[in-house]
Amino acid sequence: MELIPHTLIKLKNKDLIYADTSVPAWVKKSLEISSYSVVRRGFQSEYIPVGIRGFKKNQRFAACIKKSNIESTYLPSDALKKIDTVPNTRLNLPAFQSLLKIRNHLSMFEWGVGGSLQFELITGIPMVTEKSDLDLLITCPPVPLSHKEANQLLKKLQFLSTVHLDIQVLNHQNGFSLEEFALQRNKTILVKTMVGPILMDDPWI
Amino acid sequence: MEKLYFKFTTTQPVTKFVHVGVVASGDLEIILRPNNHSYSTLNIITGSDGFKSTWSNVLSRFFDRYPLQGDFEINDFGATPGVVNLRLSQVMEVLKNEQ
Amino acid sequence: MNNSLLELNARERAVALLDKDTAQELIGPFDNIISPHLIPQNIVPESDDGVIIMKGQLKHLNCVIISIEGSFQGGGIGEVGGAKIVSALEHTLLDNKNGEKVYPLIIFDTGGVRLQEANYGLLSISEIQNMIIELKQYVPVIGLIPGRVGSFGGMSITTALMSYIITTDKARIGLNGPEVIEQEAGAREFDSSDKNLIWNTLGAKQRKATGIVDEVIDDDVDAFRSTIAKTILEKKDSNRDQQVNFYLSLIETLDPAHMLTTQEYTNLYRHVSVHDHHLNSAIPSDYPTITSRGRHWFEQLTQIKNAHSDIPTVLHALVNGYEYISIVPDKNNNFPRVRHGEVGLKEGYTVANVINDLIDRDKDKKTKTPIVIIVDVPSQAYGYNEELVGIHMSLAASVSAYARARQAGHKIISFIPGDAVSGGFLAHGLQSNRLIALNDSSITIQAMSKESAARITNRSLQELEQATKNTPAMAYDIKNYQKLGSLFYLISNVKSYDSSDYAINIVKNAINSAISDLENKPTDLSFRYNNKIAKESGRVATNKIRLLMDKQWN
Amino acid sequence: MTNKNHNWASQRDEKNLRMANATSIINNKFVRTENAKELLETLIQPNDRVVLEGDNQKQASFLSETLASVDCARIHDLHMIMSSVSRPEHLDIFENGIATKLDFSFAGPQSNRISKMISSGILKIGDIHTYLELYARLFVDLTPNVVLVAADKADKQGNLYTGYNTEETPVIIESAAFKNGIVIVQVSEIVDKLPRVDIPSDWVDIIIQSDKPYQLEPLFTRDPQNITELQILMGMMAIRGIYEKHHVQSVNHGIGFNTAAIELLLPTYGNQLGLKGKIVPYWEVNPTPTLIPAIENGWIKSIHSFGGEVGMEQYISARPDVFFVGKDGTMRSNRAYGQMAGQYALDMFVGSTLQIDKYGNSSTVTNGRLSGFGGAPNMGSNPTGRRHSSTAWQSLKPTDNPLAKGQKLVVQIVETYNSAKKPVFVEHLDAEKVQKEANLENVPIMIYSEDTTHIVTEEGIAYLYKTNSMTERQEAIEAIAGVTPLGLRSNAKKLNQLRNKGIVALPEDLKVNRLAAKRSLLAAKNMEDLVKWSKGLYNPPAKFRSWS
């Protein structure tokens, strides 16, 4: 079964990761604490491309793991369900507050949370800061949105959020920015695919 | 704060010193001294910046109707044109009472 | 409800009180004198600087009315307005000394020091207070508070020095406005949005019930006129600044940890059993106490180690012919608001008590004991109980004691090795006839803490600091303060905590030379505006006003 | 033919079913405070039309807080109907995904937020109504499924006492009680015996005691301390040039310092002019404290009120000749009847506005603020269905048409520039821009030019009803618009022409001395004076305290 990008994977063995370069110390330290990785876009086989997060914003490390090393997987929508377990002190952070407001307005979609919020929600490790963005992932939209509908949705969500919003629409492996689609700056839109970014006229196909 | 200066050609020299008003919020004071030119001068210090043309309009109207000649000093703490007019007409009243 | 004094502006109030067609304004709007300090700070000035001086007759009695305009900059006292008041009072004194009765009236409508010219305001207020204390020997000095702003800050201390205070029920008096107390001590101490609390605590009715004002009358011009005339003719004087033993007895019965209700305090006030108080000289002890610059120099100059006093916040001692006195911190004091060396209820009255005793002891002596005030006062005490009891009266008691001592011939030197802020400085330092300071950057000298000043003037702390950097009028540091000319001497090579023999000698020499400089000099505060720096730059406007007043008075 | 089995009581069945689902927490109409949320989650269904009582002053604050906290998975897409959107949670209900559509009349305190929410699509506006319109539609096409209202007290049978602040409670309840809606009431207190019954228990389904009394604001109190000389000047002109001239008998004052000034000038300036007993004995107005001197001075025969005013309770009780007071000694207010009186029984409406355009249209909707207008458009309009005549009404009748009828006086009093020194007279209303931003069908104009009969500024009065063309109307407005851009179009010649025609009057034309406009002319200069006038019966809220 294909794992969609942004799925969190808990590893059975945190030492069994494969990379082209040597593994930096912070990656080992990070895995020591959490032993979670995030599915990256890319060709999946026995090996799954993943990313490892550090505790700093720019710390990302690309690697692969074996399918057999997966203990469990968590979809972005699983993270959403955990919001009720967040302690009040953390819940007061603007990104969580924004998520609370927004969640009542996306019921027509299958969707979830990515980024540091997803990580904190699943692992319980405090990753979200005062300045964290809110990364939303809309998965498999039932019907394609028109530019106007997307624009309306975006405006609504931006109003409700007090932090910067990054909304990606995921169509299997393909993904594009809702904002770019809604604002319709160019005729074509950049879609990230398994084989790299390409420009498309209609990203919903 | 902004300093403004205006000059109007006028024809009715005043003979008295006049003072009215207070530099309170939304209000202003006017000090009028006799001069012996053929025009009036106005030195204005105002707490609200960017209203030069409004001042000009208020004063033009006033001097059109009442060409009082003298040197005016105005200290303004955010008076509206309506209040400026009211204080100017009080100056007139004081002149009337004393003449 | 139709002949209201409150409704009128300051000028109209003065005219309304005087007999018809007798009012004559001195240094008025046509004299072309505005504050030189406001325009550079982008503030619109007023042609009278918010102080109106009006001579005339009230029921055929010669009066001079000093009326403060509350709606111009909150009635704050700056250099020009302050100098107008001082010079008018000086002439009134002179006339009375010459046997010509002139009755001074002050209409208070003021928040105290004008923060944009804070240092001038503080100096002026101390000079005003000096004049009032001397004038009271000749005529009643009457204060009116019609209301709106009321009387706050340093000018509340001035009200307590008046012979007699007449108000409407719309007047409020307090040393620290509720906003300032909230800023300094928190909303739990004083909630500035609770209007009922404010009016019940600081309002005229409560003040009347507890001896802070003398009469509350209807807001009616005629009522004011007849009450004033009666006060003058009956020579009424509450001697409010000399109730030291009464208040020290009262304060002893008060539990500082409990916020008193107005009713509780009124009861307390009505049932005081008064007894005499005398504070013994400080003695050496074995217990080192927390140090402060004030305590440090008291111990250095008196050579009393770990000085101990029955009132732990007030140290005094007569050493080598000089009376030294200092207010010091006491971290365990039962009054929480004086633990950092602030001047509180007890401190003002205790200092007054010490000085009154000294005046009494020396009253028949030809040579009076010089007094050295060691100044290290971070502020007055900001507290609810303090305001309810009327801390401004405590500060007034010490102002009065120092001023009377000086006027009686005691030479008074203030030595400033520490902070000299606000009401604390007025009560303990500014009534001296010579100021000496250490040139130490740790010294703060000002009318209000920066945080409070920022809040009251609606500026950010940054904006405030920017403004103070450019104007000595608002300086917080001793170096800029010196530019005003009010210091007799700035000791440049001694620091606040120096304890070398060298440093002590320099300070002692400075004190000695200040005292010998006072030989055969006036016993007033004129040195501050008569010296070279003051005349050339520091107090130019003050001196201009004084000259003009000399010309216009008669 | 209709189907024999057609259920003609489906709505009633539906209501009964909902009530049945909640029986476990309902004890003979009464529900415990802590069960409020569960109750709403049980009784309200997605897509319901819900009326939430939020008047100007009185707010069903406990129920609105509860509604904002319900689970949006169970309750969503509600259509809210609220006369006043005042409290933050009124809009939280939309942000929380519980409701999506809103019909309202007034949103003063929330006007900024509401316009942002509209443009972001969180909230869809049905319409911005006048109060009367909104009440009317409750009986036509906006009949509610559930109403959430507030009362002071309930007795054990469920009868309600709404006291001083009855306001719009009866009209809301009636719209639900007789059309299968569920009536839910928050009460501050449950007692054995009510002072009087304002709503019979038959009309009430659920009563919940709130955790604290409903929010009540003294919105109509103006401190005379803040009345300016210009407001006094305009008040004097209005009294001479309108009240006296048209012999006005019945009036509604919009709230503000301009009208407060007039109220306080009646016992002084009005007496000087000998007008006592001749003008304005009848009022439809909230019991504003600034009316006390006129009442005490014998000017006023009757005042009916839309709602109460905090602090006026004792005073009103002691003046039953003037106010509408029940046997229990408390006032009875009613916003619906008040609006009706304003529409059909009054000679004149006097109010203020934030902007007036070159045609004479006025609006309080300015950039970024969508406030709605409450009752002003009804008060400030001429009801063409009116037939009864009065001197004032007749005095506006055109002379050249034998079939013409009179007109209600609609007066706007404004200073030409507002206190922020922005011109009040403008080429285009900001409301035009707001219409586009918020996608409204109509430009949110408060009072239309055609309804406005007089405009008073510090410069003079424009008698717009006398103009016979739009050009002349514009010139009349320009003549009193001071040095605003509109005003600068006028000149001395045009002004004098208009003065000669009686279309514009300056203070001197009205024999009003500009310099007599002093605060000393006010019958009360501060709150304490009002207390004195009331003989100690008026008890101002603490925030107005300014004496000891």
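We call the chains A, B, C and D, going by the order they appear; numbering starts again at 1 in every chain.
The rule we apply is simple: a contact is a pair of C-beta atoms (placed from the backbone, for glycine too) under 8 Å apart; a residue touches a chain by one contact, two chains touch by 3 or more.
Predicted, not measured: the structure shown is a model, and the values here were computed from it.
Counting only chains that touch, the fewest steps needed to get from chain B to chain D is 1. The most central chain, judged by C-alpha centres against the centre of all protein C-alpha atoms, is D. Of the two chain pairs considered here, B-C and A-D, the higher C-beta contact count falls to B-C.
Spacing of chain A relative to chain B, judged by their CA centroids, is 67 angstrom. Centroids of chain B and chain C (each the mean of its C-alpha atoms) stand 39 Å apart. Once the centre of each chain is set as its mean CA position, chain A and chain D turn out to be 51 Å apart.
Those residues of chain C in touch with two or more other chains do not exist in this structure.
Within chain D, no positions touching two or more other chains are listed.
Residue positions of chain A in touch with at least two other chains are not found.
Those chain pairs judged to touch are A-D, B-C, B-D, C-D. On the chain D side of its complex with chain A, the touching residues are 72-73, 76, 95-98, 116-117, 119-122. By the touch criterion stated above, chain B contacts chain C in their complex at residues 1, 17, 19, 22-25, 27, 29, 31, 33, 45-47, 73, 75-77.
Interface residues of chain A facing chain D in the complex, by the touch rule stated above, are 101, 103-105, 107, 152-153, 155-156, 158-160. Against chain D, in their complex, chain C makes its touches with residues 1-2, 4, 6-7, 147, 168-172, 194-196, 198-200, 202-207. Residues of chain D that touch chain B in their complex: 228-230, 233, 415-419, 421, 457-458, 482-483, 488, 492, 514-515, 517.
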